[in-house]
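Some structures to go through are shown next.
Each of the next two complexes has subunit A plus one other chain: subunit B in the first, subunit C in the second.
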Partner chain A sequence: MEAGATKSVIERLGGVGLLPVALAIVALPLTGSFSSWVTLTVAGLAMGMMIFLMASGLSLVFGLMDVLNFGHSAFISFGAFIAASVLAALAGWAHGPSGALNLLAIVLAIGAATAFCAAAGWFFERVIVRPVYGDHLRQILITVGALIVAEQLILAIWGGAPISVPRPAILRGSLVFGDVAIEAYRIFAFLLGLAVFVILSLVLNRTRIGLLVRAGVENREMVEALGFRIDRLFVAVFVVGSALAGMGGAMWAGYQGLISGTIGSEMLILVFIVVIIGGLGSIEGSLLGAILVGLMGNYVAFLMPKLSLASNMLLMMAVLLWRPYGLLPAVKR
Partner chain B sequence: MNAILRLEGVHTDIAQYHILHGVSFDVPEGGVHVLLGRNGAGKTTTLRTVMGLWRAVRGKVLFRGGDITGLHTSDIARLGVAYVPENMGIFGGLTVEENMRLATATGRFDEARLGRVFALFPALETFWKKQAFALSGGQKQMLAIARAIIEPRDLILIDEPTKGLAPAIIRNMIAAFREIARETTILLVEQNFHFAKALGSGVTVIEDGRIIHQGGMAELAADEALQTRLLSLSMEAPMGTH
Partner chain C sequence: MSPVSAAETVGTPPAPARTGRLLVYGAAGVVWLALLFAPFLFPDVRAQEVAARICIFIVLVASYDLLIGYTGIVSFAHTMFFGLGGYGTAIALKAMGAGWDAVLVGGGAGVLAALVLAALIGLLSLRVKAIFFAMVTLAAASVMLVLASQLSQFTGGEDGLIYSAPRLFSAATKLLADADGKSVRLAGVALNGKLAAYYFVFFCSLVLYLLMLRIVASPTGTVLEAIRENEMRAEAIGYKVVAYRTAIFCIAAIIAALAGIVRAVWLKYTGPDVFLSFSIMIDILLMVVIGGMGTMVGAIIGVVVMTLAQFYLKDIMQFGADALSGVPFAPSLLDPDRWLLWLGLFFILLVYFFPAGIAGTLLKKGGRK
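What follows is the complex of A and B.
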C-alpha cells in the first residue's frame, strides 16, 4: 500500500488518537501477563486523566494568551493540601460506614480545592500575570517567583512534614474481575477526568464562548478585530485552568496518599510534557498527551524501572521529531 | 463629499522605529479608496493604526467625526469598522461556518445577507462545513472578505487582498469588491496598481510614512508622468499576463 493510502486509512481509523491503543497493544506481549497488563493499563489511564486535569488549563492559557505560567503548579499544590485538610476535617464521614457520606466527603474536598484555586487563579491573573503580557522573560521570572512564594506559604500553613491523605473508605478497595484487580480510586479518577473532558469539549465546541476561545488560541488579534475583548475571556480561561489544576492536585493527593509542599513542582515537568506532546491550546491534545504519558509511565516502570523517569522525556522527543507542533495542535498550519 | 475616516497628523512607532510621520488624509464615504505605496511605505501600519492594533503616539484618527484614536480594537470594530489583514486572519482550525458565525454580533446569520455572500463567493457554501485551513489561498481570501461583510459595516479596511492570487481569482475579486462597495466604504491597501485602478475612485499615495499625493484615481490613471513620479512602486504585471 502506498504511504498516502496508509496515512488515509490511519486517519479514518482515528489518526493520532490511536497512539494509546497502539502503545497498549505493544505493551501486552511485553508484560507477559494479561492481568498485569490490565492493571497497568487502568493505572495509566487513571494517572493520565489526573494529569489531564492539571494540564488542560495550562494548555489553554499557553495557547490563548501566550503566557508561560510556571506558577501553574502552585494551584496543583494548593489543591492537594486543601483537599487533604477537608478530608481530615471530614474524617468521620470519609472513613465511616456510609458510602454516601464517604463520597460526599471526597466531593466536598475536591470542590473546596477547585473553588479555592479558581479564586486564587483570578487573583494570580490580575496581580501577577496581567502586568507581564507579551513579555516571556518577565513571565518566567515572575511566575517562578510566585511559585516560590506559594510553596513557602504552604510550608508556613501546613508545615514541612509530609501529610498523609487517606482515601475515603468507599474508594479504598479494589474491584476484582477474575485475575484482574482494579483500584476503585483509579476508576473514580478516570471517570472524573472523562466527565471534565466531556464538559470542556461541549463548552468549547458547542457554545459561543468556546468558539471564541478556540479562535483566540489561533489568532487573538483577529478576534479583537471582530469586536470581542479577548482579555476578558482570558480571565475566565485562567480561572477555569487554575480550578482544574486544583482539582487535579486534589485527586493526585488521594492517589499518592502522602503529600509534601513540592507536589506541584514535581508534577510540573509531566504537565509541560503533556502540553507540548498534545499541542498548545488543544483540550483533545492534552487528553491524548496525558493518556500517553500515563500509559508510558506505568508500562516502563513495570518493564524497565530504571528507565521510568526518562521514558516520558524520550516520548516527548520522539513526538516532537515527528510532529514539531504536537499531536493535535489547536492551530492548523 | 463627507469623510467617513480622517487621519490628522498621525505618528506611529513600532518598537524603536518611527514608521508614520504625520499621516493625514481623508477617506470619502462610499466607494473604494486606495492607499498605494511600495513595500515598507507604511500602508499596513496605517490600517493597523486605524484599527487600534498599533497605537498612534501623536495625531488623531476620526471615524464619522468621532475620535477613535485611543479606543480598544474591539470597540472600533463594534462601531462598524471591519478589518481584513494581509495574512487574512482566518481561523484554520474552525470551519468556514464557524469563521463566519464569529463575525456576527449575535452568533446568528441574517439569511438574506448570507445568501448575498454565497452569491458573491459560491465556494464558501460548498466548503461550509470544512475546516478553513484546508481551503486554497483564494478561498481563504474570499472567506476573510465574506467575514467582513456578513454584518452591515460602514468601513472595511482591506490589506493587499491580491497578494499571491491567480489572475482569474483577482478578476472575480474585482467584481465582488464592486458589489460590496455599493453599500459600504472600502479602504484598500494595494501594491498592484492595475487592480487598484480597476476599483478605486480616490487614491492616496504613501512613501516613507508620509502622504505624498491624494486625489482621484481617474486623474492618476490618465497621467503616466504622475504615475512614474509617484509610483516607482514594485508595479505588478497587469492582470491576465501572468
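What follows is the complex of A and C.
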C-alpha cells in the first residue's frame, strides 16, 4: 500500500518527467560546489535543447512514417556548415559593435541553415525515401547511402579541414549572478529550444493539422481510410523535421566553435539515444530524453571525463530494460 | 547456352538463371583459386596485403550476411566484434610476448567478450522493434570506438598497438633452408614466414567461410530465412524468433571476432582505423549489398568488386579530374579522395533497381520482395 501511495504522488507531480530533476538533485552533492553545479546544469539544459531540435524531427518522422532516417545527420551537418558560411560572410555584422546587427547576422545564419535543410528535406523525401516506404531494410540501406553521399559533398564543398565558427559579439560573454557565471549562448540556445518546443506542441495539440499528424502516428491506415491525404502530411513533417535538424546543427556549430565534416554523424549517436529513451513519435518524449542526455553528459564529463558517451549508452540500456518502448512513447508497436 | 528445349522439366532452372549461376559460382571459384595461389601469381608485397585483406573481409562480410541477408537483422556493431577479437589478440601479444599462447589467450578473451556482449545486446533489444536494433548497435559500436581511443594505456589510443606475431610468421623464419642457409625458393617465391602467415590467413578464412556455408544449409539456416520472410508466421509455427535471432547474432559476432584475430596476427598492428572505425562498417555494408544479400557467394563478389573499385576508381577519377581541370567545381567532385561519393550514388541506385545485388540478381534469389 505504501509503495502504491508513493507511486501516485510521483505520478501527480509529473511521473517520468521528474527524472531530470532527480538526476540534477543526485548530481548536486557529487559535483561538490554549488556554482559549478549550476554551470553544469545550465550547460546540460542548453545542450539538451539543441539535441532536442535535432531529435524531434527524427522522432516525428519515425512515428508518422515508420521511416528510420540515417540521413538525418546530413541535415545537421549541412545546417552547421551553412550557418558557419553565412556568419563568415556577415563577419562585419556579426562581430561589430551594434547589437541589432549581431542579432540579424545570427537570425540570417540560422534562417539560411533552416531554409536550406527544409528544401533538402523535401528533395530527400521525394527522391530518396518515397520509393522505399514500408521496407525497413531498404530504408536503412538507402538512407545510409544518402548519408555517405551528403558527407562526401560536404567534404567536396567545404574541404576536410575543421572550420572555426566564432560566436557573434552579443552572445560571447557570460551573465554573472553572485559567484555563478552563465554563458549567454547557453541561455540563447535554451530559449530557442523552448520556443520551438512550445510552437511544436501548440501546432500538434491545438490545430487541425496537428490533430491529423497525431492521428497518423497513432493509426495511419485509419486516417487514410477517412479520406485524408496522408502522403502530403508525410512531406510536411519530413520538411519540418529536416529544417529543425538544420537549426539544431547551426546552433551546435556556434556552441562548439569548431566544426568538421563528421559533426552530423557524431551527433546522430546522441540523437538516436534520445529518441530511444524518449519513445518514438512524441516530442514530449524527445524533450525529456534530450534533457536527460544533456544533463547526464555534462555531469559525467565533469566527474569522469572519459565516460561521458558511455554514460548515455548505459542510461539508454537502463531505460530499455525498464521501459522497452521508451519513457513517453506516442505509440507502442 | 543452348536454346531452351521444350522438354525441359520443372526441376531444372531456365537458361538465363543457369548462365547466371555459372557466372556467379565460376567467379567465386576463380577468386578462391586466385587467393590460393596469390603469393605465386602476384609476388609483390602490396598485392599480398590486398589478397590477405580480401580473405579476411570475405569472412567478415559473409558473417554480416548471416545477419542482414539471412535473418533480416541490421546491425552496426559488426566492427565492434571484429575489433574485440583484434584488440584481445593484440593486447595479449604485446603483454605476453609473441607466442601462440598469447594468440590463444587474447583471442579467446576477445571471442568471449564478443559473445557476452552480443548475447546482452541481443536479449536486450532484439525483443523490441527490429529497427531499434540498428540504433542500439550503432550506439554500442560508437561507445566501443570512443573507449578504444580513450583507454590508451591498454589500447594505445588513436595510435594503436604494434607488436610481433608468433615466430613462425616472421619474415626471417625459413620454412625450408637450402645448403647456404637461405630459404628455398619455389617458382621464385621464398618459402619464408611471410608465406606461412599468408596461408594461415587463407586457410582460416576458407574454414570459417565453409563453416558459414554449412550453417546456412542446415535446418537452422532455413528457420532464419523463414524469420526474415515472415516473422509472425515463424513465431506461429512454433519457432522462438528471439532465441534464433539472438543465437545467429552471437554466431556472427564470434565469427567476426575470429576474423579479427586473424587480421591482428597478419597486420602486426591494431588500431581504431583498421578495426573499429565507422568507415569499415560502411565498407562491410556496401560489400554485402553490392555482392548480394542472403547469398553467401555474394560476399566474395562484393569484397572483390569493392576492393578493386577502391584501387581503380581512384585512377579513373584522377584522370577525369585532370581532364576537367578547367571546369569550375568539377575537379573537386572528381578528386580521387571523393571516390566514396560516386560509390554512394552507385549504392543508392543499386538498392533501388537491384536490391538483390550482383550475385542475387544473377542467381534470382536473395534480397527481399
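Remarks
FYI, the second predicted complex is superposed on the first by the 330 of 333 C-alpha atoms of A that agree within 3 Å, B and C clash if a C-alpha of one lies under 4 Å from a C-alpha of the other, contacts with A are read in each partner's own complex, and residues count from 1 in each chain.
As a convention for this text, a contact is a pair of C-beta atoms (placed from the backbone, for glycine too) under 8 Å apart; a residue touches a chain by one contact, two chains touch by 3 or more.
No experiment lies behind these values; they were computed from the predicted model shown.
Of the two partner chains, subunit C is the only one touched by A:145; subunit B is not.
Shared-chain residue A:191: touches no atom of subunit B or subunit C.
In the superposition on chain A, A:324 makes contact with subunit C only, while subunit B stays out of contact range. When the shared chain is aligned, subunit B comes close enough to touch A:214, but subunit C does not.
Using the contact criterion defined above for the overlaid structures, shared-chain residue A:228 touches subunit B, although it does not reach subunit C.
In the superposition on chain A, A:269 makes contact with subunit C only, not with subunit B.
In the superposition on chain A, A:175 makes contact with neither subunit B nor subunit C. Subunit A has more of its residues touched by C than by the other of subunit B and subunit C. Annotation: subunit A residues 333 touch subunit B in one complex and subunit C in the other. Residues of subunit C that touch subunit A in their complex: 68, 72, 74, 124-125, 127-132, 134-136, 138-140, 142-143, 146-147, 150-151, 278, 282, 285, 289, 332-333, 335, 337-338, 340-341, 343-345, 347-348, 351-352, 355, 368. Subunit A meets subunit C in the complex at residues 68, 128, 131-132, 135-138, 140-142, 144-146, 148-149, 152-153, 155-157, 160, 265, 268-269, 272-273, 275-276, 306, 309-310, 313, 316-317, 320-321, 324-325, 333. Contact residues of subunit B toward subunit A in the complex are 51, 53, 72-74, 77-78, 82-83, 85, 89, 91-94, 98, 101-103, 105, 107, 131-133, 147. By the touch rule above, subunit A contacts subunit B in their complex via residues 208, 211-212, 214-215, 217-219, 221-230, 330-333.
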